[in-house]
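Have a look at this one.
Each chain gets a letter, A, B, C, D and E, in the order it is written, and its residues are counted from 1.
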Amino acid sequence: MKRVLAFLRRRRDESRARTDGGSTESRSTARRWLDNDFVRSAPFWGPPFLLMGFFVYAAIGWNFLLSLTDYTGFGGADYSSLDFENYRRLFEDPAIWEATRNTFVLLVVFTITCLLIGLGLAILLDRQVRFGRGFRTIYLLPFALSFIVTAQFWRWMYNVNDGIVNQFVGIFGIGPYNWLGNPQIVLGAVIFALVWQFSGYTMVIYLAALRSIPTDQYEASRVDGASTLRMYRRVIIPQLRPAMVSASVTLVLFALKAFDFLYAVFGGYRPRQGADILATKMVREAFGQSQWAYGSAIAIALFVLSLAVIAPYLYNQYTRGNL
Amino acid sequence: MSERSVSVGDETSDETTTAFDLRRIGLYATMLGLVVFYLLPIESGLVTSIKTSEALINTQPFAPPGPAGVTLEKWQFAFDTLWSGMINSMLFTIPATLLCAVLGSMAAYGLTLVDWRGQVAVFALFIAGIFIPYQAVIVPLTQFWSQYAMLEMRLGLLLSARSATLLELIITHTAYGIPICTLLFRSQYKTMSWEMIEAARLDGATVWRIYKRIVLPLSIPMFAVVFIFQFTQIWNEFLFSLTIIGSVSDPAASATLILSGLGEALEGVDYPLRMAGAFITALPTLVVYLLFADEFAEGVEV
Amino acid sequence: MAHTKLDTVTKVFTEDDGSEIIAVDEVSIDIDDGEFLVLVGPSGCGKSTTLRMIAGLESITSGTISLDDRVINNIPAKDRDIAMVFQSYALYPHMTVRENMSFGLEESTDMGDDEIRTRVEETAEMMGIERLLERKPGELSGGQQQRVALGRSIVRDPAVFLMDEPLSNLDAKLRSSMRTELQRIQDELGVTTVYVTHDQTEAMTMGDRIAILDGGVLQQVATPLECYHRPENQFVAGFIGDPSMNFFDMRLEGERLAGEGFEYPLSSDITGKLDDSPVVLGIRPEDIELIDGTGGDHEYAAEVLVVEPMGNENNVHLRIGDTRFIATVNGMRRITEGETVTIRLPEKAIHVFDRETGEALHNRRLDEELAEPPV
Amino acid sequence: MAHTKLDTVTKVFTEDDGSEIIAVDEVSIDIDDGEFLVLVGPSGCGKSTTLRMIAGLESITSGTISLDDRVINNIPAKDRDIAMVFQSYALYPHMTVRENMSFGLEESTDMGDDEIRTRVEETAEMMGIERLLERKPGELSGGQQQRVALGRSIVRDPAVFLMDEPLSNLDAKLRSSMRTELQRIQDELGVTTVYVTHDQTEAMTMGDRIAILDGGVLQQVATPLECYHRPENQFVAGFIGDPSMNFFDMRLEGERLAGEGFEYPLSSDITGKLDDSPVVLGIRPEDIELIDGTGGDHEYAAEVLVVEPMGNENNVHLRIGDTRFIATVNGMRRITEGETVTIRLPEKAIHVFDRETGEALHNRRLDEELAEPPV
Amino acid sequence: LSGGEGGSGGGGDGNTLEILHGWTGGDGKEAADALFGAFEEEYPDIDLDENPIGGGGNQTLDQTVANRLQSNDPPSSFAGWPGANLQQYEGVLGDIEEDVWNEANLKDAHAPEAVEACQFDDGFSAVPIGSHRMNDLFYNVEVVEQAGVDPSSLTDVNALIDAFDAVNTQTEATPFAMSLAPWSILQTWAVTMLGTQGFEAYTNFIEGNGDEAAVRATFETLGQMLENYINADAASVDFTEVNQRIMSGDAAFIHQGNWVAGAYINEGLEYGTEWDAVRFPGTDGMYGLHIDSFIYPGENPSPEETATFMRFAGGETAQVQFNQYKGSIPTRQEVPTDEFNAYLTDTIEDFQNATEKPPTLAHGLAVPQSTQSELEGVLNQNFADPFDVDAATQGFMDTV
């Protein structure tokens, strides 16, 4: 950074010096260069970009490099022999496939449920209710809490003997279930808790989109003879697509980060069978077993997965001119 | 909220009064049911946290204990355990929040209100940064801090081990917070009048002066939003705490990290203690959230 | 096609803080079957609110609105058989033009798909948008969107058309061509139409009658020329016409009106209508004559402040004493700023209003030909 | 106060997809010291781009812009000593009026605080906004904001004033009063001013000269009346004036122009200028006379399609054969739709344009008085 | 050495003795306090920085140790399991055979199994501090009596299963209290194998020559127990939580390391009348060996002091002080037992007399940490309700 500045200064001084008798041609190019918006804006976005770029992009590159080593245990990685061994292992590890499957189930079910519930909440709130703000605050409240905190609540909620969830299903004469213990239902239970935490978030996104739809649209469809239900179905909801897309992307990424929740609910790196996802598997391999290289390979898989979501989204945003 | 005319939502004019009332009642009943759904886990945690072990066994999990069954002992204990973590969390959350906001605002300004080719590409890199799963960088990150930066060793004379760890956390959280802050600020700057910026240029102001005198004062409301949102995010973060701090007993351990190990003892899982701990840990974010619900929601919306 | 009647319709909005806004105040209008009624007035006077009450988008605080003698106060919007064109067009952005136009038919009738298709295509042809049917609104120009919005209303063949400043988002040239087109279509369909605008030209040229609102109160309902030449009060006189009518504060002193800087002798048939309360003398810019001689009864020397040449005519800003006013004269006439000219304010062209109530005490005389204003 | 010169200035925008848009195409205008130049043209014709190049907000692709013979192409905006008033006013919302007005002085000069204060207060007084100095822009009405925006430019005492549709956000009545005020101020200060508008009235009344752009190409630079009466081409003729000039497609056949439905005999001084390529005959609506007799040389029977009464005048839509056109006649004249009237198209009022190039082959004759159009 | 001491010592003169361990609460804390208290008393000049790191079992301790070793900032010593567990620290451990083992003459004083466990890379890298017994079956006396079962008569696992049935029919209590945490299943699996297949089959297995039939049979037996006799919430509770049910009389039997005895004693329950323990059926005469030790990193920031501490830890004072509170027993062979409670005294006696001391599978002695973790993974995947014998057997055979 310093060197760049010094260079700039020198450059400027040179051009100044030349003004006395120097050619106007070079003076104006230098000047133009200095006045160039790119150069002038660089001090603003440059430092944040470098900081962020190092920690995000350099780190991902580094991570990829690590995944090619056979780095385990202590000491440093040996970068001299690189191969794709860890990726082969990745493909052969049945636990990875299971984690991948769980990750997908989590992503899809969680995202869709959140979208549906969030939409419902948003429509309810959009209907001019009194205390709408208060309701919104309450519905969004869980989102403000840490995964670690909400995990404590849900451990208690899901408690087999005293948990409220079992008491509730007990009303209908079923259960008790071992929500966090039964491999068949543990993922569902986790998703439910996550939906509890994030549906308010989805609601807020939808609400903003709903409110940006001009009143005219509602009125036009009413005058056109549509009932409230039909109005939402045919006129309003289709217009929420962009909100849905951006909410889904964020939800998917929240789901990919559900590590915190699983860690806290299961009290460690190893979630209950049926609830292991790539994120937990990755941290477990790397930090639990010191299988750094292998962990890095899983991390790359996770990164590719999220890229598959982000890239189309970014491209879409770009073509819509939202960037 | 108030712009849309009343009739859009509730069909005042078109339903007969009773039908309308029934509808409204149904609507409010649904909304209240949802309130129960969203608050129950929290409420149940709250009442549990003040129960004696007697009351814990004898009362419903969501019911408050009788006066005899109330004890603040768990809160006391949780507070004692978490206290240092709360301080640590504050120590890295607040500086990181401020740094994120300032750097994010600068980046957004450089990428929005100064017009140059290719800024979309740079901005896309910022945006993508928001969505990077932390797992994808966590190994190099911990390697970087523990084997390459080694602040604790290099700055050993200036910093205690605790401060070194906190500094690592501040830098880490700042770096990963910049993208979202940039996005938030940019969304505001994009709505800022381009003509106004040009007017300032014609008025003779340089890029820096425009930032200082026009853009910065106008982004104060957005700073509030970013502070609130980012504070919550950083406070609530866990993975960095887990990997960079590593140990619950580290003098730099954050509140979330300590909470994750709270209440596990040979004698059994102490739910009231865990709940009390959860509330204490959540307290700062809860306060911020309840005081600034609107700003928070605004931060989320973008 | 329906006779629409507003009977002492009032709309009161209650604000969040409990204060009340009377947006529409006991308005009664009888709109004939097939009539084209233009609703004008300054911003915030209640035009949109009136329209929205007719549409059923706003509840009615008191009074009744009836369609062909059926009171529709409590009929929901979707069952009123009324179509509305919004200022913003309110096209559904995610639907093609065809879908936009079909929507109302699908929702409010039980027509078959084929029938809907035929009807939409016929209407589209009539509106000249048959080539746009598969496009989305975002891909259309302002004028085309406008046409689609109109087409969407027309295709439903409603009993009443409501339009809220439908042309205000178009540029000047397009606006004037759409104006004639709208008239043509309304003429062809013969549907009762209520049209809100704040554009002078639209108000004057489009409607069978104009209803002028101010502060929620109906000021006058009459043909455009009646409003122009026989305003019922000063508000209407000032509102209709561009440049506005010139007003002079005066007071009757014997046989003459005395104001600041000049006096105006009146003939007895006018003085007869006045007492000695303060009045306002009104005269339209185009009725002020620039003459060569001096000294006549209603002739005055005036200083030329500014001349605005408009090509076909000049707006001349004049001053007598401290009173400023505007005269419109032929564009070919050469006038230089600063010179003093003689003007004549012909008695047959003046209006006199009560200064307190604004009520018209005397309106101009018209040539015989216009004694009964043309329809 | 500076002589501003645009010499074959061109601006090309390169789109993201590589395509090029020529926004301004070799425009050369010489703007005199103290002159008020109005830039008009349809939307997208390059008006704003031209202005922004003068301001230094947009780079110049080729050509030069000079201020008092100094080429300013490469001087950054902030050093050009140019003030600009934007359509949106672009006031700094977080600063009071005083701060808004001081900002430019603080940034671009090294005046002391006291000097700035005095200067701001003087200017505020001149603009009649001295009482608003401590308010924020949000607390001002549109007209007041407009005044502040102007004041902010004036206080800097720039060499050139640029204004981009500064009045377009005001309502009609306010617009016309600000129009006169702006003229007064420019007159008083005598600062070279370039004013962009698409409003007919502003173009005609405000400028010393009008520059008319179309598709980035300069069409004509002349006084308003010259543009009105002696347009250099059909575009200018059609663009200036409302309602627009009527055009008839014709072809010279011997001594007469022959078009669809009617023929127009010409005197030899006009035919001399024409050859047998297709031409367009133009006549302004107000030049068409409705007469009683029939049969004269330039007299035709026409059917009345629509009469738009505007109060002071009527726009009469007429038809001869399939050719439609508009005549403006006195508002007091009674004409009914559907009747047939006799019109006269006086030869002295006609324009003839080349149909291919649009170039004016013949312009109307003017009365002696106007032979040299008034300044 | 270079600057390795910048660490948590806070800039001492290189002699700070920093010891990481995970005994943060309950009896662990008492034991640590006693141990370090005694050390400080004996060596008041040494600047001791004991650094307890709690949370998640030993997970965070291991994590911290790993971090410190990773960043070349090792502590003086840290608590951990010896045996195969040491393999993960390949390359970062130092040799203390001379300075500690020989000098303090520990090789003779400690049980040969403990001595062996501390050997690493042709030398010694750890010092044992105490041992828990891993083949106990604890029970609530009252519940068992109510069910009409005599635990001491349970000679094989089938008898145990019969006893479970009796509990089921005679009482409300859960027959077998269990947490399905993977390590807990692994430990139960190991003891089941010892009980049903014998010491040799077990040894073969951990040495990598496992007999599939034996493994399968173990799984079948274990499956039978877990499927029918454990608490419904086993999968989501911790062993501490289920252990409470033994104390409250809601469950009859539990298999755990004998650290649970500490909880009974702390709760004031009477050994022999309220709770009691027998060897897991079929393991009579064996001592399921578990060892806690202090491990010695190379590049040691305070070699002198560490050696002093290590010698102390292997000595009688330390072993008595520590174990009496920890609920474990010294690995030294001849220690006075008067400081120990009745249960531990019995245990010490059994330790001396045991014919076989199979190393624990779930606590680092038998297999390296990565193998142990993989085994736990297999169990978590296949044998934590539902109980898939085939897959689990396959997984175990593939892993070891």
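Note that a residue touches a chain if its C-beta (ideal position, glycine included) is under 8 Å from a C-beta of that chain, and two chains touch if they have at least 3 such contacts.
Because the structure is predicted, anything quoted here is derived from the model rather than measured.
Note on connectivity: the fewest steps through touching chains from chain A to chain E is 1.
Chain centres here are means of the Cα atoms, and by that rule the chain farthest away from chain D is E.
Top contact pair of chains, counted by C-beta pairs, is A-B. Annotation: 55 Å between the Cα-based centres of chain A and chain C. Each chain gets one centre point, the mean of its Cα atoms, and the points for chain D and chain E are 94 Å apart. Each chain gets one centre point, the mean of its Cα atoms, and the points for chain B and chain E are 41 Å apart. Contact of a single residue of chain B with at least two other chains is seen at positions 5-6, 8, 11, 143, 147, 260, 264.
Listed for chain C are residues 52, 56-57, 76-78, each touching two or more other chains. Within chain E, the positions touching two or more other chains are listed as 56, 63, 70, 237-238. Residues 52, 55-57, 76-80, 82-84, 86, 88-95, 103-104, 107-109, 152, 156 of chain C are the ones that touch chain A when the two sit in their complex. Note for the complex: chain B touches chain D at residues 193, 195-196, 198-206, 209, 213-214, 217-218. If you check the complex, the residues on chain E that touch chain B are 3, 6-8, 10-11, 24-28, 51-56, 60-61, 63-64, 67, 70-73, 237-238, 240-241, 243-244, 259-260, 262-263, 266-267.
Touching chain C in their complex are the following residues of chain D: 43, 171-173, 176, 180, 183, 198, 200-201, 204-205, 224-225, 228-229, 240-244, 284-286, 306-313, 315, 317, 328, 331-336, 366-367, 369-370, 374.
Only residues 142-143, 146-147, 150, 152-153, 156-157, 160-161, 246-250, 257, 260-261, 264-269 of chain B touch chain E when the two sit together in their complex.
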